[in-house]
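Below are two complexes that have chain A in common, paired first with chain B and then with chain C.
== the complex of A and B ==
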């Protein structure tokens, strides 16, 4: 067609310049990180996860209350910060005062007042005598009484002649009370009452106070330890218990999935790579174990390991989880490896004489890493869930060892009266599970864009 | 179809056999023996008890006896409850758990399909966002927390209104079912909603939907005739595992609401180390779950005509 000239056979100018790579090359992981960083939800969850890890590791140094110190005086407190208490005598020695027979009597309860310091150990009331009264009735309420309505709790009737004082020692709490004292004439309470409002201080008995602060004396004011999450039914600080529980819950939640993923990767990779009969045998085994009802066998294994009721078998729990969970991760890895085994670059490597071990370690496992990582991120919350579930029914970590599940178990007993004992550990479980789940979603989108949006 | 059924049932029986074997040997690996808990006070009593429960036989003989008794549906006698057979316990308490579990599944499945469809229709708008918040809550809050919060909420409501709107525990009336079924079904509901949403979104982009629209089928017709029918299939496949999750979830919910179901009984038996009851109930639950999964598989084959159930061996 064209006539060829000698110039056509000259060397063409180099086009190298056109092929210059103008952007930095990104590895798979760098690319994934860029994608993950753009996902606000995932980054937020990553922050929460890191905060939780920090909370668990640094918590005992930052919050120096002992999780097992009991202070029964402070049982089941709601969240409090920096309350002060007054130190009182170990034994409350109080005896009623009797009026002088010659004292002038009034026609109504007058001069009702509080004697001494009103504390949660007791509030002493004293009043003036009423003409012809055979006794007095004392009522207490923590609401506002209206006339003779809503007087509240009938505390006592004092009927000893001349007794004009009373000490209320009945479950006094640090809130304000209104006392009403009515005189009794011929068995009937008269409407000529006296009333006083009291806000008692928190009292701490001497022995307990000296445990908190050496050298405390009666009458001292000492600052009680702060309990941002309140205390449990034995007066132990809930925050420090949650920190201690986090160590157990999170270490089970991280350790068990890591172990069974490792086992799953090894066995699944081996099965997928070998194929044939070995593969078939392993798959049969996997199918059988996957068909076992998981929680039932967790419980059964616990018994089989000789962990009796009332004992915390943390190790037994991890072993049982690994034994029951590796098959599903092995199945996942096997599928991945089988797909990759036929990939061109693997065949090329094999053609160049790569050995099995090299192929597995250099090509197959690194390329399944993304899927494994996503699976692991979802395995962590489900393990935390399992731990909490088992501990809650008393078959995992049991009190007194704190874990989030066993704290919930502890807290549910008095849930309706002191909800905080249950709710704080429950919040920690939920937030942790939520953070790992959202992080897993983000990782899946970042590492495996093909699967985006599925499930 | 018959061959498929036979194959499924056989593999189910093999699984149940495996479960029974694993249970038997797990229980025999327990250090000590079931009579250690202070019952066998003298050697004579111990020998008598061992004879009564067949513990004096060799392990293999015990194993075969155990298997043949299981095959005949006899789970033995309780260790801690005087002369009460495990079959009696199952007969008495399983119906309660089953009613609760089926109700929870019904709540989860219908709710999941409905909410999932709504989220897909209103994608990225307010209803979708609101429901997805509920879904996230349901996925990350354990069922015992949901149960306890419901109890607290209803107790407060009852106190404020002075009425008893719903009972917060116990068993016997229809009202007793409402809260436990909701608490038990919520996490599965959340999971199914998520699944339904993504499968619905996938279906919406399919060619046959465009064709139907081009033909002039009304939006409602498309929704019920094409979208819903196709999108619901993945939901049905996970119903088997969902039933398993709900059944074991019942352990906790029955505790919280004080329902005399089999799950609560199982937990109690484990606490008392009642060996025959633990073994019997594990095998019973295992068999129940395996056959529920098979049932769901068969239903799936009936619903989806694309699946030639006779051929599809690994249709999971």
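== the complex of A and C ==
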């Protein structure tokens, strides 16, 4: 048997140290951030959202092209990086060549040739006379014609007696064209055609060139501005239009949800906290607002605000969104607040004498914050979408101000021939909406207290 | 769990493919022509219709005293013969002209229609086209009752017209829609709903409307009561689509859902790529910007209008913005294709084009601002339609006027019907409008801006212009008429109540199975009444 020592009867040391939590204490938000960080999709989306904000704010400084400057010479261009153009004189004083009465006429269109240098500002054709022809029809195609098939565009009929030349200025692009000239006999186009292939150079009229570069002279070669996303049907730079459009789309997309969430939180919080008859009255009020048709009210607000024809309806749009979209967030917050109000710790705080303000600030609002935040991230893309839709149908921004929706509307007109005018703005809408949705998804998982410590 | 879902999806897809193909092969094609229209006809009451869509429909379901044939000549319609003098005209109606309910078309039906058209209660915008008839103008102004109109039915088959003044182009008028007959008992039975639906119309033309789903579809069927059965080869004309969307129409044509396609600038490239056989014709219409002269509007100021004129380059606009081959840069009101005395009017009375001159334009602008006491350039309301070209034109001018003159344009885009209403009400500063000819005489354009014309939407009023038009309308002498109209044209071009922008050209194509489609500058276009369609 061991001998007992006095020290054995001393008070044992506190074992508290063993209970020390090995992980650092984390607040709710720190914990949520940790979980969000592990969600790759959400972080990626957050990156996209931040990039978009950067794109919108810094875009106009980095990409210094004016979104409303038109250069018709460069209309409907696909993505390009600075084409080179030769400066030519104004060619307005062109007069057609007429046949010399003594010239021998042939039985078919012969000697069809290009006069001068063919440029995108004009291609001049000339040909020899055909015996007995009352006129000539000129066709142009950028494909390969087969005999009398696939002649392409019927450019003109030259009917002045003896006129044997024609100048084509109809949207000439720097590609290879084949011209077919057919003589007309008794109103019918004959088969004895002539044909010539032409590859015009890019050219710019002097006046247009001087707008781009002061002091440009005829014969100079100048570099046209680059258009990484191409241009629209009036030759406006699409990238700068998308940047300008982002400002409208994103600012409405952020402003409107923030405002109506705020309204919803206030009303819903008040209803949930008060309970009883006040709650009942507010909930019925919410039901009423839910039943109101958005588009109709949008139009009513436009009239009420005196939005005249051709004026921007953006403020009416934001007001209509705020006035009609708050109920769902109010319902959400009301439910949360009602639940929290009855929670033991809130009851305990109240018993200990906490005042309403303290309860709201310390317990109720922080605990609903997660839900609100998640809801907000879902509300933003849907608002961007609504704005795009309203601008698409002409109820939102007015030209020349672009928004992503109105850009899509313009682009879809020429979707078959110039798809880039539609695809680029559409990509921006899609990516933005997707990024906000994925971010919202991630936030919802991260902010869910039930998942605390898991995963 | 994945497979069954995919399998079901596959079956559904397959089923829908089969359904779609089934639908295609079932579609009847023999003697049936399929077309798409850009808009629904807003008004089928022939006394009130003004637009091309209504004109096209009316041209197929109604017939006037005369009609225009494939060669563009005036030929007998309901009238089988006529006699024209300086004082008036006598028409003899054919005995076999019938309404779609089988009753004969009588001279009284014309008397009733014409009286209705000039009745101030009808408030027809086209009342002016009846002004060659005695007392018509006085009746429109409410000074005489409609019964005083100079037209009488001597018997069921004889229609006598008395002229106000000698009229050199009356016969050309009789094929126009306002001159179409309306039967009184049917009209009154509709209680103001005449022309609003297929049951509210009585037909005497080669076709009748048998289906009209508003905003969606129309169907024309051959009118068995029509007198000239030999002329009509088609059994039906189907309008299964009403859409202003060019690319939608292009796809419909490509998918062989419609047989006739007009091409816009955007679809030209695709049409060339598809290898369509493209045709071109001068559609006849002249397009212009019309300024508002109602008091209080800044556009009343001539310096402003001059400034806008000198900022504008019609050739650049025609080639790069309109972009349809054959488009003629707008230099005047009377188009280049219009015949004058013996040659085209424009070659007999040449007009010099005013080019762009930015310095001069700015000088006019400065003078305008000084006169109006404006500190900065004003903003103006630009009323326009909803077509892609209308939008492109609006934004082109918006940028042009902003950069050259500093003017802000507010673009008011409206659907066709609403635009007409706003034009009528004068709710615009500048409206982009066009005018197609009603009959083959320069007068159809020249009298448009006479102060009494309802279609002078800007309410421009110029005494010497009015006097010259009156002079041209009071004689049958071609030389005097053409000279006065040319003088009026010069006043118009100097005063600039309008800025001509372009003369429209149409590029179109049709499917191989159809033939005999008539395109024309004057009258209902396209005219399908003599077309035929194979399987």
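Methods note: the second predicted complex is superposed on the first by the 325 of 455 C-alpha atoms of A that agree within 3 Å, B and C clash if a C-alpha of one lies under 4 Å from a C-alpha of the other, contacts with A are read in each partner's own complex, and residues count from 1 in each chain.
By our rule, a contact is a pair of C-beta atoms (placed from the backbone, for glycine too) under 8 Å apart; a residue touches a chain by one contact, two chains touch by 3 or more.
Because the structure is predicted, anything quoted here is derived from the model rather than measured.
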| item | value |
| --- | --- |
| First, second, both or neither for A:107, with chain B first and chain C second | neither |
| Chain B versus chain C as contact partner of A:234, first or second or both or neither | second |
| Partner chain in contact with A:131 - chain B first, chain C second, else both or neither | neither |
| Which superposed partner A:66 touches (first chain B, second chain C, both, neither) | neither |
| Touched partner set for A:143, first chain B, second chain C, both or neither | second |
| First (chain B), second (chain C), both or neither touched by A:394 | both |
| First (chain B), second (chain C), both or neither touched by A:412 | both |
| First (chain B), second (chain C), both or neither touched by A:191 | neither |
| Which of chain B and chain C A:89 touches, first, second, both or neither | neither |
| On chain A, positions contacted by chain B and by chain C | 308-309, 394, 412, 415-416 |
| Of all residues in chain C, those that touch chain A in their complex | 246-247, 250-251, 265-270, 272-273, 275, 277-280, 315-316, 319-321, 323, 325-326, 355, 381-383, 388, 391-392, 394-396, 398-399, 402, 409-414, 427, 507 |
| Touch list for chain A against partner chain C, complex | 68-70, 72-73, 75, 92, 141-143, 149-156, 169-171, 233-234, 308-311, 394, 398-400, 410, 412-418 |
| Complex contacts: residues of chain B adjacent to chain A | 14-15, 18-19, 22-23, 26-27, 29-32, 136, 139-145, 148, 151-152, 155, 194-195, 198, 201-202, 244, 248, 251-252, 255-256, 266-267, 270-273, 278, 282, 285-286, 289-290 |
| Contacting residues of chain A [partner chain B, same complex] | 288, 291-297, 299-301, 303-304, 306, 308-309, 381, 385, 388-389, 392-395, 408, 412, 415-416, 419, 422, 426, 429-431, 433-434, 437-438, 453-455 |
